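Same chain, two partners: subunit A is paired with subunit B first, then with subunit C.
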Partner chain A sequence: MTFLPKMAFKNLARYKKRTMITAGAIAYGLMMFIVIRSLLTGIDNESETNLRLYETATGRIMAQGYWDDRETFPLEKSFDPEIVTPILENTGAGYSPRISFGGDLIFYKDPFPEDGSIPGRFTAIDPVLDADVFKLRESLSEGSWLVDGEQGLILGHWLAEDIGAGIGHTVLVETQTKDGYAQVFDLEIVGIVNCPNPEITRSGMFLPLSVADEFLEMDGTVTEVNVNFGTLNGADADFAALVPDVEAMGLEALDWRILGADFIAISQAKAGSSGMIIFLILIIAGVGISNTMLMAVYERVRELGMMRALGMRNRQIRAMFLWESAGIGLLGGFYGVGLGALVTWPLVKWGIDYTFLLREASFGYRIQGQMYGVWDIPSMIIAFFMGVGMAVLVAAFSTHRILRLDIPASLRFQ
Partner chain B sequence: MISVKDLYKTYLAGDSEVKALRGVSLDIERGEFISIAGPSGSGKTTMLNIIGCIDSADSGDITINGESVMDLKKDAQAAFRRDYLGFVFQSYNLIPVLTAFENVAFSLNLMGVDDAEAKDRTMAILKEVGLEGMEDRRPGKLSGGQQQRVAIARAIVKHPEILLADEPTANLDSTTGNEILELMKELNEKHQSTFIFATHDPMVMDFAGRLVQLHDGEIQSDTRRSR
Partner chain C sequence: MNFKRFLILVITLTAIAVNAFSQTAEEVIRKMDELQTFDTMYSEGTMITEDRFGEKRSTYKAWSRGSQDFLIEFTNVEERGQKILRVDDELYLFYPDAEDIIPMHGAALKQSMFGDISYEDITEGRNTLDKYDVEMIGSEIVDGKDCWVIEMIATSRDVPYPKQIVKVGKEDYVLREAEYYARSGRLLKIVDVIKVETFGDGRLMITEMVMADQLRRGSSTRMRIDTLEIDPRLNDDLFSLRSLY
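After this line comes the complex of A and B, so read on.
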């Protein structure tokens, strides 16, 4: 019966203003959904990449129990990296031995603006091997890279700014050796890194592995060996294949998801917030269209009564309203996806600068400076069908209410 | 052809009961032009609605062509109204988004009549009711009398056995009302449909071949006349 869709279309045209307002409400909701999903997916993807490129690599090999006690920097839980080198070389993976230790960075007025000290985590890296795993060297914004055996220090850009550090300034590091003895040694700031991972930029302190080995009396042992299988699909599986061999050596191998648990938690919370966004959008679209549909239906109670008196069945009336609402939903869907794409485009191309926000506080995301959106096509498709589905659902509810009136009551309705 | 037997209907108006019909019985022959008259609240519209299967009675029976229509299910009632009944309302109740042509064709669309036949029948009936050349006008562009003509055309185009009209002249001036009644009488004679009016308009009562007077839900008088 083509006359039902025809009537529905005529009704949409009859209430042009209302149709446009309702479609506009749906479109706004869908646009917000698309834009927010685009940004959150963009942040997620970039954070994941930056986490792996600057902090965790694909995974990390440590002594048993080290990860559980990592907050106390247990240097005694170290191991000889040579024992894992053969299997890592067999796999073709990049690897980087490191020593992580806690201590105070001490600096004095002149050349620093003020005397002071900062507690933090120092990371000793192999200046050559580290580049096979992490992108730190490529993020050097000032000075030069570390040289094996030289007492150099590289700082994160924000940290350097905060304490007024510059290239050539000397600092003291106060810490403990592997055996628990107090140790103080000096380092010269040779470089500053400004990388896309805010954790590094905010608090990164890097020195050569050989220097740490000497002052911490590590005897060639390290606290971790980071392994890089790249960021492409299959990297996780390659690392997982390595785990049994590593565990057979009495060591522990954890992948980036465990190492970046704080980010993963944020990411999962984001999934929850996405659900909340969807819910809010459903509410916006639902309220908008239910208001319109109820008005449309109540305005036409007598007309519907007449149609029923003439022999139109309830299901035909429902179908007519569903066509109408689907029309509004389609209109809203098209506008919403179009607007969403329009707003997403500059976000993908230029992003949003929110350095001011992340500099002062960490939200777990591993991005800084620009927040970029991505073209999230599945979200756009979901949004489109969500708009149409919502419109139809609400119309079904509104029509059901009106069809509960008997025909004489409908004909008398004022 | 239409047999109304012992019809009772009580409404609830707020907390009080209104006895709209109290044991009404009536036989109506095919092709009659009958007016059910009475003051407001006498039960005439209720009776019309029950005959038209858009309202139900508490008890009693209505048979049309020997078949009871009281126990029909909703869909069957809708189909019955669609195929056998025509309605004309006091306030025309045309669909504002449709043209005069489309309003009339609406009845045929519901019946599933094919487009070509629907077009021929619609054009013919519009000509018959004097609306030739106004097919493309929407209700808003028609006078009250013209709108009622469209409503009558919509009711009669499907050749209903029974045409039910509730106060069809109430919103019209006396000249236009008279024209409408003349038209309906003419269609009644031509199509042999049974016309049943609910009215309190003396002009309609004068026009009817049979006048049934209701008072407080009971038939007060039932007189057949010739005009």
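After this line comes the complex of A and C, so read on.
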């Protein structure tokens, strides 16, 4: 009963170099799979959290049609936030009215390093209520928080660095009122935020809601009310329950998945790329194992012919080779998972600093600076069994070819 | 004449004077619009923008009909074939590389068309009195020309600037200078008329002016008409979306 496994083990030991090379190829593929899955899952989880904590909340209430025209910042599609606050207070959700508008930030040499202007999106926030929904205030790295009625501005850290902005510097905002008239007003930079969401750090510009209301002549209306039910599992369901009531008021309510559609698209593309990685690993493992197994088989054709002449059956020979390949697969699996865990550990603990890459370009992910991995145990288990399964599968094909020769032909094989 | 009669006379004369002054402001603006409005017009020109990054030059051909409709086609190498059409109070852009027509609305109109000139700057048309309340606020000498100074306050939401101050020549009713203000009262842009030429039937036409952005230091755009043809015969199809392709 144990004859075949023992013989397979002896064969593996006899061809140590070959065994180690094949197992190494499998191990490398599996390690890459585990590490990449760990990083992508980590990025995905962190991005989702940062998206909800700094940009979308659980969902957002807007005037009908606002979301479709959002690129043009249609201030005329605004609404009185008071009409939704009673139902939001009944649900116990945190809520934050905001006004989003487009405009140019204009600054001048002294105190800035040089004159300039940058177009961007300004977000007017309620300095008190916003903390019930977003974590922006906790990300303040310099200066102070906004004060209702004071013409203050908070900038993202990278944006402030790019334009040479500092606390106390004055800028101009050129935009349009709700009625479409040209408008310009002064703001003083009072704070700088450095949060884990790169979209905010790269381009965030925040001012008090009351200031925007006055200069944009909004008459108390806002372009959005953000709603927070937390980031736990039931949050989405709580928000979904709110939607019919909101729609009955002639408004629309969209959840974070729609609001963060760019990130969701990236996340789905990632699922596709994971599939591609698995496919590549299968090819690496398949080519490596099939090559080694073919060599093993062809080196031993005469030996196998003699074993068959002595009475060993094809089934037993095939089984012996499958044991051998399973052994290689096991070795590769153990090594692969071990190496994968070894590389994942620092990724989980310290992460990789990708600031230089993420600062210059947006990839849709909402992570900034450090990319952290996660312990993705299901992926490790999948990787292990995938290694063993692949090795056995490829060996079955290789053995089948040699067993088609008859015994005399096998004995004469050069 | 007792004091009471004297007071009534002063008040009456003041009222008449104010009324006359107010009518004059409207009349001046109406005449200014009339002078600059043609049944049809064809022009070729150059726009030169200067800012801290240097100078950029664009050339164009333009066709206009009445006070509202126009078609501009850029002819310089970098922008050749790009077109801007204003018809039925709508503005459209055409990019030949994309072969696509883009309607411009809302905040998109604030984007720069060329240098300091935004799309909304070119959409005002010349029916000024339909969109502004005008008031004579004084006289001023501009480049040696005696001008009326008229304040215009927007009454329509279709205009980009809530307030303008225009300085119009008393002799020729030609605009000599204009100031554009934001809602907050801050001065945004100043237009200086550099050159006025006489054409065909003796009508005066602004052929060169400079628009200077007052918020961005050192940024200005010079517009110059190099060739002008007044009342040419234009095909109606020219002012349609079909003409963009």
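Heads up, the rule we're going with is that the second predicted complex is superposed on the first by the 414 of 414 C-alpha atoms of A that agree within 3 Å, B and C clash if a C-alpha of one lies under 4 Å from a C-alpha of the other, contacts with A are read in each partner's own complex, and residues count from 1 in each chain.
Just so we're on the same page, contacts are C-beta pairs under 8 Å (C-beta built on N, C-alpha and C of every residue); 3 or more make two chains touch, one makes a residue touch a chain.
Please read all numbers here as calculations on a predicted model, not as lab measurements.
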Do subunit B and subunit C fit side by side on subunit A after the overlay, or clash?
fit
So in the superposed three-chain picture, is A:L172 touching just subunit B, just subunit C, both, or none of them (first/second/both/neither)?
second
Pick one for A:R302: touches subunit B only (first), subunit C only (second), both, or neither.
first
Using the superposition on chain A described above, determine whether A:P408 touches subunit B (first), subunit C (second), both, or neither.
first
For A:M7, decide between first (touching subunit B), second (touching subunit C), both and neither.
first
Subunit B versus subunit C as contact partner of A:G311, first or second or both or neither:
first
Value for angle(subunit B, subunit A, subunit C) over C-alpha centres, in degrees, nearest 10, is 140
Touch test for A:W67: subunit B only (first), subunit C only (second), both, or neither?
neither
In Å, how small is the closest CA gap from subunit B to subunit C once the two complexes are overlaid?
65
Contacts from subunit C onto subunit A in the complex sit at residues 52, 105-108, 110, 154, 157-162, 180-184, 186, 188, 215-218
Can you list the subunit B residues touching subunit A in their complex?
45, 49, 52, 54-55, 74-75, 78-83, 85, 87, 89, 91, 93, 95-98, 106-107, 109-112, 154
In the complex, the residues of subunit A that touch subunit C are 69, 72-74, 102, 106, 108, 114-115, 117, 172, 174, 176-177, 179-185, 215, 217
Residues on subunit A engaged by subunit B in the complex (per definition of touch)
1, 3, 7, 10-11, 13-14, 302-303, 305-314, 316, 406-408, 411
